[in-house]
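As written, the chain order gives the labels A, B, C, D and E, with residue 1 at the start of each chain.
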Amino acid sequence: MVDTPAIELRGVARFFGERIALRNISVIVPAGATLAVLGRNGAGKSTLLRVLATLLRQHAGEVSLLGEPLPQRAFAVRGRLGLLAHEPLLYRDLSGRENLRYHARLHGVSAERVEDLLREVGMERRGDEPVRLLSRGMVQRVAVCRAVLHDPEILLLDEARANLDPGASELVEPLLGRASGRTRVITSHDPQAALAEADFALGLRDGRPTFSLPADQVTPEHVRELYA
Amino acid sequence: MPTYGKGLRGLSILTLTTIVVALTLVFFWVPQDASQGFIQKIFYIHVPLAIVSLCGFVFGGILAVMHLRTGDRRYDMRSYVAIHMSLIFGVGGLITGSIWAKASWGHWWVWNEPTLVSFLIVLLMYATYTPFRFSIEDPERQGRYASVFAIVAGAFVPLNFLAVRLAQQYVHPRVLTLTGGNLPGPMRLTFTVSLIGVALLFVTLWKYEMAAKNARIQMRTLRRRLLGDDDLRPPQRSAAPTL
Amino acid sequence: MKTALAILRKDLLLELRTLETLPAMALFSITTFVIFHFGLNRPTVEGQTAAGVLTVTLLFAGILGVNRLFVAEREQGGFDAFLLAPVDRSAMLLAKATALFLFLAVLEVIAVPAFGLLLLGPSLGPPLPSLIAVLALADLGIAVIGTLVSALAVQTRARDVIGPVIGLPLLIPALIATARAIGPLLGSGGPAPLPGKWLLILALYDVVFALVAYAVFDFLLED
Amino acid sequence: MKTALAILRKDLLLELRTLETLPAMALFSITTFVIFHFGLNRPTVEGQTAAGVLTVTLLFAGILGVNRLFVAEREQGGFDAFLLAPVDRSAMLLAKATALFLFLAVLEVIAVPAFGLLLLGPSLGPPLPSLIAVLALADLGIAVIGTLVSALAVQTRARDVIGPVIGLPLLIPALIATARAIGPLLGSGGPAPLPGKWLLILALYDVVFALVAYAVFDFLLED
Amino acid sequence: MVDTPAIELRGVARFFGERIALRNISVIVPAGATLAVLGRNGAGKSTLLRVLATLLRQHAGEVSLLGEPLPQRAFAVRGRLGLLAHEPLLYRDLSGRENLRYHARLHGVSAERVEDLLREVGMERRGDEPVRLLSRGMVQRVAVCRAVLHDPEILLLDEARANLDPGASELVEPLLGRASGRTRVITSHDPQAALAEADFALGLRDGRPTFSLPADQVTPEHVRELYA
């Protein structure tokens, strides 16, 4: 059997009313590889991630995750993917620990995993404070825990390291980084850094692909054009 | 894409004829009611309007079920138009009823007529349908939510009638009952013709509106095809489905 | 089922932390009773009037709860997080309806005795068991409709207005049945037997809308 | 003053941007009266009962309005942005209270005629001027207290309980006075003269709390 | 007369209940200079900025901005400072333009300034959409406009460029950058970049200063210690 790619998009489009947020996106990411999605503000990066996360349906084209076509079999891949979006997706009035326990219950994950993760990101002592009282970076750490709680095969990271200090960045490396062995889709506004940790790169401009290449074939020219 | 214009002309003519016949019957043929006099003739407009409007609401609910089942946005449009039409007919029913009540009881509004009260509630319910649609930006979500609304409201209609009817301990003595056999022959005939006329009117108007909406959508599709996608406009808001 | 429990637990925890909903509901109803107590020229009410005041008050208080049911989910991305989990969508319906039901029940535990104390003429003791049965059925109806309406309204712009505006007419049949069922219980001559007809209608209402809600709820969460 | 206008304008924009609120409120008030009709099971009400019904409706609308007015500030950092501006703090009090007052007034413009049409036994015409006076005073009280208490609730961040728990009991005197003042106006034998005592109490209440609010509001917003 | 420094802190402390968020902070920033505040997540950077923004009062020590002591004369400096915090402080249901107009009215600024700024950050065509529908970076652009709307003398920037694409970063440079001529307090989790654009640097650790030096005297050793 040929290995099915972890992520496969063919001619995907998504509109918001008349606005084209994504158009004609095709890309294949093998299991374990990292795809960097680059583009200007409003290029459609977050929209793409939300489509992959099964939170939005595409309006045209085919999406398949782990061999399952979306949106028909979305329920089969949920729970196998983790999303870290712009918003932390945490209840502000609950503590970090309570938030994570809640998600652990939804995902059928044990409460120990919550403790392990909190320890890993250095939040075990601050885990009982309402998220609303935490500093922005601490919230982000908890959000990282939330995204990887169920040990997802696919990770969708939307500027995941924003607000993390250098130390925290290192702490979350085993969870979010390449070493985690997960298939990843990452976005970042630091193209150099993103390309350095990616295998493939997709450039978006106004929702349309400008390039879709192995990361090492992306030239500074490509990047310049993308943001020009 | 279906063309709703087909057969519209024939239907229009049929509707017009039926309505003219109905009006003729109402004003020149059917005998005046003994106790209520001339004003009773509004019955032949009021009741059909109300009945057709109710059926229209239920029809809209059924179309909404189809929308959710098939995911075909055109069903949403059909449901929208049906409910919209029913609302107009319903308001017509309410106003004619009010006139009738004022003439025969001296009040614009009475609480002891269960059909009336329950219809008011139903109308109150559906009156939120359009604002509700309007307050949702995403067209797809708008359609989906509106369909859920239409289904829930559709299920609500009969239950509401049941509860309201039972709640009335004393029912106003009635001259006419639709179900009872005491509707005299000419009255029944006139009523039936009126009912058919109003129902046809509903269908015709529904088709007209569908045809108009359809034309507009095809226009836009064409324009997009001609001008390309680069005509980036912010999503425009509308209560009507845009497909 | 386990999912619904998890959500319910989270909701109750949130309410316990913020105390945003229940105090408002409870105090609203007590304030209403006080207004009627001092406002009416009669010191007490009974029979159908008592039933009406009680039912309307509970209904309004319930709407206050309905309005807040999904606010945290929407504002804080709870919907998204839930949608990402590999769980049945209807769990959300079940959990939210249960939460609302519990809120209403707690509300009644406070409001009904307050009503007995402040406003009701006849003693509250004898009709209590029947009253509880009727209120339980009514709460169920409010909980189901409330959840549905709240889910509908929360994604709209005018959410705070649209919720009550859709919810109140939808609840009228339940309200009629409840008021009519309670009326005889609170008669000045001691409680009459429970009017089975109204209980039946209330039950029918609950069943129909529970089924409808179950059927359509999924569509409210997607996308 | 200009600041208050800016805030008011922003609030009205947020609230009314599509004018969907007004029709919604009209529907809402009609539904409410239908509900009272069935709840009380009377075709018409008059005197104190009518006054009670009106007052409770008002209170309910007030709570909804308060929720709506401050949610955006709290959830979206509006307070911080306002605090950064070189403007008088009391402008916020003025603006929010005005917005709330307008909300209630608009509601009444719709709801009172609907009430007269649907539920009120005696004619609405004769008592109307006095009714307007009483309602205006009542609205003022609700607006001031509502604003004060929500500001408190928003700013304490740990906004637990505070809003309704302080606000509703504080409002009870005003509401009782309102109900008592309205009652005689709606008597079945035509309106009695305005009960000066209750009007005075209401006015006194408004003045006292407006002053208190003005005095403490600055402190509430700091930190 | 000796030039009064734009910002002067002496022994400032701020607590949240028992927690020390700031302790014994002393720093002087001359007019037109830039202070970089560095530290781990939860070190107290945002708290310091909120104290400077007059949103929080210090519990001990003295703060003076533009020669005016806080909190007593806070009203005198409001309107002369701009804050760009973690949250955009915009109403999500209003459009960017409406939001800015509102703030313009609060600050007594003309409506043209709003248009100018929107144009400057490249949002003039998207200015009429509710903020809620904008991409994260677009929201940030509008937030930048909000912060500099009234041409403040002091700018408080809490990771101001998070979520901005490289192009947008350049666009906002004249508004937020050193070239704006404003006195600035910036925080960032990229110490190198922050130090490069700063004149002074303050290192915070658990609310306490570890160093307070001219930026060019901060050694990698200092930085390592700060995040260790």
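What we mean here is this: a residue touches a chain if its C-beta (ideal position, glycine included) is under 8 Å from a C-beta of that chain, and two chains touch if they have at least 3 such contacts.
Bear in mind that the values here come from a model prediction, so they are computed numbers and not experimental data.
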| item | value |
| --- | --- |
| Chain C reached from chain B - shortest hop count over touching chains | 1 |
| Other chains in touch with both chain A and chain D | B, C, E |
| Chain-contact steps, minimal, separating chain D from chain B | 1 |
| Chain whose average C-alpha position is farthest from chain E's own | B |
| Pair with more cross-chain C-beta pairs in contact, given A-B and D-E | D-E |
| Turn needed to bring chain C onto chain D - CA fit, degrees, nearest 5 | 175 |
| Chain A-chain B separation of Cα centroids, rounded to whole Å | 48 |
| Whole-Å gap between the CA centroids of chain A and chain C | 40 |
| Length of the line joining the C-alpha centres of chain A and chain E, rounded to whole Å | 29 |
| Set of chain C residues in contact with two or more other chains | 17-18, 157-158, 162, 165, 169, 172, 176, 180, 222-223 |
| Two or more partner chains touched - positions in chain B | 121, 124, 128, 131, 135, 137-138, 167, 234-235 |
| Residues within chain A bordering two or more other chains | 16 |
| Residues of chain B touching chain D in the complex | 108-112, 117, 120-121, 124, 127-128, 131, 134-135, 167, 237 |
| Parts of chain E lying in touch with chain D, wherever the complex brings them together | 53-57, 71, 75, 78-83, 85, 87-94, 98, 102-103, 105-108, 146 |
| For the chain B and chain A complex, residues of the former touching the latter | 137-139, 229, 231-236, 242 |
| Residue ranges of chain D in contact with chain E within the complex | 2-3, 5-7, 9-10, 13-14, 17, 72, 76-78, 80-87, 222-223 |
| Chain D - residues contacting chain C, complex | 17-18, 20-21, 24-25, 27-28, 31-32, 34-36, 38-42, 47-49, 51-52, 55-56, 59-60, 63-64, 67-68, 71, 75, 159-161, 163-165, 168-169, 171-172, 175-176, 179-180, 183 |
